[in-house]
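In the two complexes that follow, chain A is the common piece, with chain B as its partner first and chain C second.
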Partner chain A sequence: MHISEGILSAPVLITGAGLTATAVGYSLKKIEYKEVPKVAILSSVFFVASLIHVPLGPASIHLILNGLTGLLLGWSAFPAILVALALQGILFQFGGITTLGINTLNMALPAIICFYLFNQGVRSKNNFIAQILAFLCGFLAVLLSGIMVAVVLVFTGEGFLQAAKLLLIAHFPVMILEGVLTTFCIGFLRKVKPEILSIG
Partner chain B sequence: MIKEKFSEGDSLLHNLDPRIKIIVALFFSVSVAVIDKYNSLFFALLLAIFLIIVSKLKVKEIISRLLVVNSFIFLLWLMLPFTLPGEIIYTLGSLSISREGIHYVFLITLKSNTIILATLALLSTSSIYNLIHALSHFHVPDKLIHLFFFTFRYLQTIHSEYIRLNNALKIRGFKAQTNFHTYRTFAYLIGMILVRSYDRSKRVYDAMLCRGFKGKFWILDHFTFKQSDFVSGIIMISCIIGLVLWS
Partner chain C sequence: MKNKLYLFLIIIFFTVVVIYKPVFAHKVNVFAYVEGDKIYTESYFNDGKKCINSKIEVFDQQGNKLLEGQTDEEGTFSFEIPEKEIINADLKIVLTASMGHRAEYIITSNELKGVRELIEEKVEEPISMNDSEEPEVSSLNLKEIKLLIEEALNEKLDPILSEIREIRKSQTDKISTTEIIGGLGYILGIFGIIAYFLSRKR
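What follows is the complex of A and B.
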């Protein structure tokens, strides 16, 4: 859900950049040097995940997985997503310099909200509850990102209202898909390597 | 492989100090993003095309990159002319096309393409490592620089791991379709990459400690600021200032 260059108004871009800079600054203070390789390697996993195209009916969509990123990284999700988006910008020209701040915010804030909401829950002893929460985590992260993109568009110009609504509706299947994938992935990690889920 | 296709080459822009290029690219993108006048935007587009010519990048590659980005913008062409309110210039059944809508989408198309061309010419002509090194000169926090270095370094490794696992799937006759089996398989594949990466990150840090890591990366290859860097920087910055004043 990148917003390309040249769409948003200057106040929106500046607010986005400011908030992202603050959040990244705060989270860098919390990261210790010994955690840097871990955050970076997980950040590259999510970069690679965004290159995976999954079929959905006649179309195919690429994964976002910001809910899972939030669960595994906590506050470190902010710099991790910033770095991944910056590299995508340079390597593939998706997004760009002026939209880096707002795009990071739109992806990373939902990730952190999901971290606080579901971090305890997905480690629950009850498998069923953990699965439900994992689904909600994947679903909600994309939903929140979609809402943020929509709000940002409407802030730029009220004329975007219709387009923003369409965008949100079009992303509904993506939310379901992300929820399903997050559920399976959390289930896998719970079985294979539960200690990954206790980072953050 | 994830490749930096454009970073190899021999042109004025390839040899320019990355620090200058980052400043110019930032300044240019921000200016184009806020300008709303057609004539100055066309001038900006000409500047960007000029940069592409100077950078001697392959036109075919550039066009294929532009096509990908413009496919997103094409979606806007399908939506905004119909949904933006304004003076109606054409009615198509129950849909009506507004002048404001067309104007807006055209501006967006122009701005996006201009910024992308300029960033291609300026940033993609440096290697990522050089760009990260340049960022460290701008007082970007150390840890963020380390994150950039590591993420890019391990991107290649993890991407080839993904390719390997994907090949293993294909050999076993896996076909991606719209069903739970496919989604479970992809989720497990990502889970497997996560598990391996988690272990890898521990090994990497241990290896760093063995080599005496104390929170600093030593850079051996330093930039030298040449007179030609200074001159090209001044010329490009004054073009952008002219652009902003003119609009």
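What follows is the complex of A and C.
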């Protein structure tokens, strides 16, 4: 999901960077003092998750965990993912510095969409429903990211359908895995620390 | 209670980091080397998967595209080094793989030196044949000696060269634990700064 440097044209990069900057600015205004440690922790989770390869399917893929990040952080997912991606870019050469904006957008926007879709649901009294929704959250976040990357790649001349098909087939195992992981995390948090789910 | 949870999460993290020893970056790599008058390229994702049917482009130092090709089933691609003039400069090899991955590799003019000599020799050969009529014996001997030396050198240097290749490859692939822990430190630091400014606002 990390788009490398030198692939996208300047207008696409600038648009991505602009949108990301706006979203990060907005969320930093909104962020509460008490929330900051949680954001830092999830940012680190996101940072490390990309190092875990999933040896399934046809392509080389790794965990993303943007669904979980979004679900627990809401709008704060933007700075969390931005910081994690910046460090991945500098230290591991994942993605790149010029593509930082667009990559953050591709991963954080689905996270926020999932936050709005599932935030209420995972706090449901019914344990079963909550777990199903948590699964969907993890699944959908990766799916949406894949679609967004495919849309962005259209600007490079790769056909949308072809790119989308490739991305989604390659990431299908990750979608399932992240769904399961998110289910476990939410299940655990519901038992141990339900109040963590209630903060946006 | 809250602190305990964070502590727990942090402990999980470090266990993951420590257990997950052979970490590889998620990116594509393209690697190229010169052999004879050809350049061979290998392209792969860091977990070892080959990049099949990916586009390889070769540029000269000024950024002019010299040639283009596709990798085969093994992720490899080879091409003859184009035009003698270009050999004096570096060649840039660019790999564009699917899903927005891209990598570059530069073959320096140093590496191309051997090829330059090879080609020069080829060019010189007919000329030297013509004017080598008088000191035939000695020049032939010289050539033979040169060939022998080259052969012996190649034999001796081959393992070293392939080792250098391996080292270079692993240098670009691996992520060290230091980098991961360093990264985590940066994250905590950055959010620490954010927390500081937020606390001043209050």
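To be clear about the criterion, the second predicted complex is superposed on the first by the 182 of 200 C-alpha atoms of A that agree within 3 Å, B and C clash if a C-alpha of one lies under 4 Å from a C-alpha of the other, contacts with A are read in each partner's own complex, and residues count from 1 in each chain.
The definition used in the following text is that contacts are C-beta pairs under 8 Å (C-beta built on N, C-alpha and C of every residue); 3 or more make two chains touch, one makes a residue touch a chain.
As the structure is a prediction and not an experimental result, all values here were calculated from the model.
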- prompt: Mind checking chain B and chain C on superposed chain A, clash or fit?
  reply: clash
Message: Contact-wise, after the overlay, does A:Ser50 reach chain B, chain C, both or neither (first, second, both, neither)?
response: second
Task: Return first, second, both or neither, reflecting whether A:Phe94 touches chain B, chain C, both chains, or no partner chain.
output: both
Message: Output check: A:Val39 vs chain B and chain C. Expected answer is one of first, second, both, neither. What do you get?
response: both
- prompt: Is it chain B or chain C that touches the larger share of residues in chain A?
  reply: B
Message: On the A-aligned overlay, A:Leu65 touches which partner chain: chain B = first, chain C = second, or both, or neither?
response: first
Field: First (chain B), second (chain C), both or neither touched by A:Ala10
entry: first
- request: Check whether A:Leu153 is in contact with chain B, with chain C, with both or with neither, and answer first, second, both or neither.
  value: second
Query: Thinking of the overlay built on chain A, is A:Ile31 touched by chain B (first), by chain C (second), by both, or by neither?
result: both
Message: Which segment, 77-85, 95-103, 131-139 or 149-157, is the chain C region that clashes with chain B in the superposed model?
response: 95-103
- line: Going through chain A, the residues touched by chain B and also by chain C turn out to be 2, 4-7, 28, 31, 33, 36-37, 39-41, 43-45, 47-48, 51-52, 55, 79, 83-84, 87, 91-94, 163, 166, 192-193, 196
- line: Residue positions on chain C within touch of chain A in the complex are 1-2, 5-6, 9-10, 13, 16-17, 20, 23-28, 45-47, 49, 94, 96, 98-104, 175, 179-180, 182-184, 186-188, 190-192, 194-195, 198-199, 202
Message: Per the contact definition, I'd like the list of chain A residues that touch chain B in the complex.
response: 2, 4-8, 10, 13, 24-25, 28, 31, 33-34, 36-45, 47-49, 51-52, 54-57, 63, 65, 72, 79-80, 82-84, 86-87, 89-94, 96-98, 157, 159-163, 166, 177, 180-185, 187-189, 192-193, 196
- request: Over in the complex, which chain B residues touch chain A? Could you list them?
  value: 2, 4, 25-26, 29-30, 32-34, 65, 68-69, 72-73, 76, 79-80, 82-86, 100-101, 104, 107-112, 114-116, 119-120, 123-124, 128, 131, 141, 143-144, 146-155, 157-159, 162, 176-178, 180, 182-184, 186-188, 190-195, 197-198, 200-202, 204-205, 208, 213, 215
Field: Residues of chain A that touch chain C when the two form their complex
entry: 1-7, 28, 31-33, 36-37, 39-41, 43-45, 47-48, 50-53, 55, 59-62, 79, 83-84, 87-88, 91-94, 149, 152-153, 156, 158, 163, 166-167, 170, 192-193, 196
